[in-house]
Amino acid sequence: ADASAAAYAAPAPEQKINVVSLRDIERQAEKVLPPFGFHFIAGGSGDEWTLRENEAAFDRLVIEPRFLSGVKTPNPATSILGSKLSLPVLASPMGMHGFAHAGKEAGTAKGTAAAGSLYVTPSVSNLSMEEIAAAAGAGAKWFQIYFPEDPGYAREQLQRAKAAGYTAIVLTVDATSFGNRERPAKLGLKPPPHLGFGNMPKSPALAGQNPDMQKKDLTFADVAFCQKESGLPVIVKGVLTAGLASDCVKHGCAGVWVSNHGGRQLDHSPATIAVLPKIADAVGGKVPIIVDSGIRRGQDVFRCLALGASVVGIGRPLLYGLALGGAQGVEAVFQRLRTELLMTMQLAGVASVDKITADYVAPAVRS
Amino acid sequence: ADASAAAYAAPAPEQKINVVSLRDIERQAEKVLPPFGFHFIAGGSGDEWTLRENEAAFDRLVIEPRFLSGVKTPNPATSILGSKLSLPVLASPMGMHGFAHAGKEAGTAKGTAAAGSLYVTPSVSNLSMEEIAAAAGAGAKWFQIYFPEDPGYAREQLQRAKAAGYTAIVLTVDATSFGNRERPAKLGLKPPPHLGFGNMPKSPALAGQNPDMQKKDLTFADVAFCQKESGLPVIVKGVLTAGLASDCVKHGCAGVWVSNHGGRQLDHSPATIAVLPKIADAVGGKVPIIVDSGIRRGQDVFRCLALGASVVGIGRPLLYGLALGGAQGVEAVFQRLRTELLMTMQLAGVASVDKITADYVAPAVRS
Amino acid sequence: ADASAAAYAAPAPEQKINVVSLRDIERQAEKVLPPFGFHFIAGGSGDEWTLRENEAAFDRLVIEPRFLSGVKTPNPATSILGSKLSLPVLASPMGMHGFAHAGKEAGTAKGTAAAGSLYVTPSVSNLSMEEIAAAAGAGAKWFQIYFPEDPGYAREQLQRAKAAGYTAIVLTVDATSFGNRERPAKLGLKPPPHLGFGNMPKSPALAGQNPDMQKKDLTFADVAFCQKESGLPVIVKGVLTAGLASDCVKHGCAGVWVSNHGGRQLDHSPATIAVLPKIADAVGGKVPIIVDSGIRRGQDVFRCLALGASVVGIGRPLLYGLALGGAQGVEAVFQRLRTELLMTMQLAGVASVDKITADYVAPAVRS
Amino acid sequence: ADASAAAYAAPAPEQKINVVSLRDIERQAEKVLPPFGFHFIAGGSGDEWTLRENEAAFDRLVIEPRFLSGVKTPNPATSILGSKLSLPVLASPMGMHGFAHAGKEAGTAKGTAAAGSLYVTPSVSNLSMEEIAAAAGAGAKWFQIYFPEDPGYAREQLQRAKAAGYTAIVLTVDATSFGNRERPAKLGLKPPPHLGFGNMPKSPALAGQNPDMQKKDLTFADVAFCQKESGLPVIVKGVLTAGLASDCVKHGCAGVWVSNHGGRQLDHSPATIAVLPKIADAVGGKVPIIVDSGIRRGQDVFRCLALGASVVGIGRPLLYGLALGGAQGVEAVFQRLRTELLMTMQLAGVASVDKITADYVAPAVRS
């Protein structure tokens, strides 16, 4: 395990893996990944307070099951913006899957499709959005964009995305300054030579741009640009306040994505589960809410849905699954969550995901 | 200590043991039990949050003693559904005592009877309910059932239970999906060859069933079935909400058992002591309340009774006592709790268990 | 360091010691004391929750200093029941000082007097109350009693105490059942041969009694007995509720001593600083309040006085001082507290102890 | 690394350093500093509760960013009492920089000026205030004073300060008794021979005084003396209560400095961020508020400004920077904070420091 490209390019087997839990595979992945790769994925920004808080905040909420409800086999299926999902969990966009596995985003996309879920392709991918779309096949897929400095490059990406079959655009708004992810520097770890961007500009006029260079002074005008140029539904990702959620609804966004970027952007921004209830109030059911950052258990999925989410997003665990077993590893991560969610729903006495309400959740410490 | 049946079948001496505390014998038992056996017993489900919270929640409540009350020797005796108990503590049902000791459930039942307490025989036992009843002798005993898929098998078990002298049925409702107890998998531990179910169906028509196969879509109709087919009082075990407690009273249940299965079923369900007060409100004294999960001290028994329980159940510590000294070890666990409860009552200034009220308990942190 | 009497009888030097802090000398004392002696002193009962909470509860309160108050040299002197104290700290009664030092209670009494403080002689002492009184010399002194089964023995002790020059009786009410102090048993430590009780009965009619055998069913009649037979002011020690505090005032007690016996009696009883405010409300200034259990810093003394105490008691640190330097070690502990209290008062801007009020204290976490 | 003066006088290179974070350089500095020097700087007083709480209190507040605000490049510049600052962070006064680096206060002053910030010269410096003023050059500078016993010596210092070009006086009021900083004693560390005071009295009439000997019974008369004798604006440093803040405004102070002396004076005084809101209420915008103690991140600067501070002060990290790279190390610490503050402002959507309001901050745990 070192910083050479070879360490990352080594053929990793496609294989079935046993996922005891999404927390357990983090430990497993650490054993097989090059140290930089692992810590780039696992780390957060700053003091990693938000990273830890994302998980800790769930511990402040208990699930109150309703036994004797007569539920035999709950149905975890749902749909979002017309896409059917076999469970209310999708793949959050994450850059540079080549740090995890030689299969790169194609492996993650393929595994996600195999699990019957929706893949959100990152603009900062190692493969091109067209390659990734092909890997996802008939699977549901959205395209995530960091809005670039040059609107022409934005237009190019949006049009390519639509042409490649992506059915919605996810505009990330919480990364206009790059988060201070300090782990590699503190541990003295070096990245491998660049693994390549899959979505470099095609038009000669855009030479010199890359998908990691984004516009800093984003406004809703940029949201409108995405809506207009893609002709697709646009979801704003990075919502942490009720105010922004309301504004998204007002500006015709197709969805609100509650996220703190997995604790990788502004450290000391709040845990998503902590702000979800007031955002759900603000949205008032007008558009679907996706939430990610810190979800590791079926019980976490359940609690997010109870507090107003339509679907949750999973990040790092998918890369660990990818590292350990390629597309099959990714699928196994979804399956583990499905198993836990089904167990939670069955024990809680909930037959379908639309019936998971706030009545099933309470503060762990009652005053 | 390994995974062979022999490791579990080794004759363990019947002997007096010194129980410094119920927490201390967990450490002692770990030294003598095969690793799988120990971790199967000690572990909880998922992240073991509920397992830890069961004990931690007690730390949020203090006991306010009333000195100078003139109490010399408190009386810990009580009764429940007509059974007299020498202390307000009974043996919670736990499966597979063969993991702890070659004496299996007979040892636990015998030790419980020797302590003057009530034994709740698990349906998923290694010995038969008749063998266990014999071991309990004149001791009070109830039969716990996981309601099986086939009502005929339910009927058989209920009728056998009544015939064997059990005086109440405990229907467990919180285990319709099996909890994800991950310790053995994470630690790489293997179970021994199956130690056998004591309550396999006797009727040829029920061949292929076993007591671990239960109906998932339980409702109060199944409660009624238990009531009717056994002719015995039925207690619902696994109550965690006021709503279910009220429904139990409404449907003629003889008791409400507040439990989260010792943190072995739905992880992130609440600590029992945290939900007990509102359940007690809902029950309003109409039927007795049993509470278990996390009780390790006489002070815990006292706090449960103060907040509305009639009797508490003890689980894992009995298996540790069994592992360390057979029936005598079990009895010693009850005696240790009795000693601590008497000390607590005497110091608190309470003469009898019915006088233990919420006035003696307060939040540790006052706002 | 072993369990022989010799390990405890070894001549320990009388010497000046450097007390960095009362917490630091616990570490120092552990190095010189036989293990049983150390853990007997340092330990608490049960899970030692109350032991820890006694100190942790102080961390929930901050001191708000008033700078620019023009205070040069605060005066820490005070008085209680007619005894003058050079600082608002006295020596709480503790049994068996022979576990700490060959000088036994005489060393502690002498060091306390040298510090200008008040010594509370324990009935369960290794030396006799007369020997201890002699060691204290002109120093202020009270006698603590565990009310014995036989009132004749109570009378004998009370009359001896008055004759020996003790000026008040402290009746301990929180130890009618012996606390389950489990450290030695858990650590496998054995006590030395009995070091002897200094206050064995003198009357032949009381043969067979010893000062450790106490009446369990104490009431205010026993308080009245102490008042009448000694003719001295009587203070009730072990008050943890407003109700008992009010009753003490009503029954003519000369003081109320808020204590949980240093976390050595009923584990999970509240921290004294947590219950002090409501007890102070109940007492309403009618009699002095003493508080002990967990006080380790001048800031702790200050916070207790701010919340209603007249004087605080110190326990274990005095035994550590005794172990490390005999009477001079004891005096050094008082001096360290005096130094810290003076620093706290000067910085807070308080000229005298009667001016330390609740206005100087606030919750650490503000809602 | 030992206690000799040589260990401290060793020429330390002036060099660029890489500051991953202000927390990270504490670990780096520990490697290069003599142990006494490091622990003298890093430690706090008493149990170091306030030291820890200063940082922990920030974790109870989250930042709620407003994405899509259209902010490209925030402006961190500000001014205070007529001095322009390139960022809202200044150098808190700390004594004896010779413990950190042979360049002493000149290095810190030079680095602070290079960063475009304001240097507060400590009266207890190793170099003279004139040498330090020269090192700061055109950089903004204030002079901090411990008011001495002899007013003549106060006058001398104040007049020297004005003559040397300092533009404000900072009167520290929280150190009239020296805090019990126990680390060196507990660790058995010895200081080097005295490195010398730079501000010894010049008038023969003041012989025997030194800048560490201060008046204990300070009042607002001493504040007035500073105002009158210096003719400069006077800021009171050490304010922890709303009452003192109001009084400062009433007595014509030019600013209020909220500080607990970095947890080095009265342990168990509150975290500054915890008391800042009510102090800001009391000040009502009439004078600027400086706050220090525990600020380690751009997010901390942001939260202080949000809750009412005009500027924050940084202490220990500057000495770590000095130890690692002299003046360049000091400058690098400011640059790291600037980078983090800019990132925080840009992500939060705030264009300038005056727009950072309480609307951007919320409790981490919502009830």
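Going in written order, the chains are labelled A, B, C and D, and every chain counts its residues from 1.
In the analysis below, a contact is a pair of C-beta atoms (placed from the backbone, for glycine too) under 8 Å apart; a residue touches a chain by one contact, two chains touch by 3 or more.
Just so it is clear, the model here is predicted, and its values are computed rather than measured.
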Contacts common to chain B and chain C (chain labels): none
Same or different contact residues where chain D meets its copy chain A, judged by the half mark: different
Chain located farthest away, centre of chain C as origin (C-alpha): A
Chain C-chain D separation of Cα centroids, rounded to whole Å: 42
Averaged-CA centre spacing for the pair chain C and chain A, given as whole angstrom: 59
Residues within chain D bordering two or more other chains: 367
All chain pairs that touch each other: A-B, A-D, B-C, C-D
Of chain D, residues touching chain C in the complex: 46-47, 49, 53, 60, 173-174, 176-180, 182, 185-186, 216-220, 222-223, 236, 238-241, 243-244, 247, 265-271, 274-275, 367
Chain D contact footprint on chain C (complex, rising order): 18, 20-21, 23-24, 58-59, 61-73, 297, 299, 303, 339-340, 342-344, 346-348, 362, 364-367
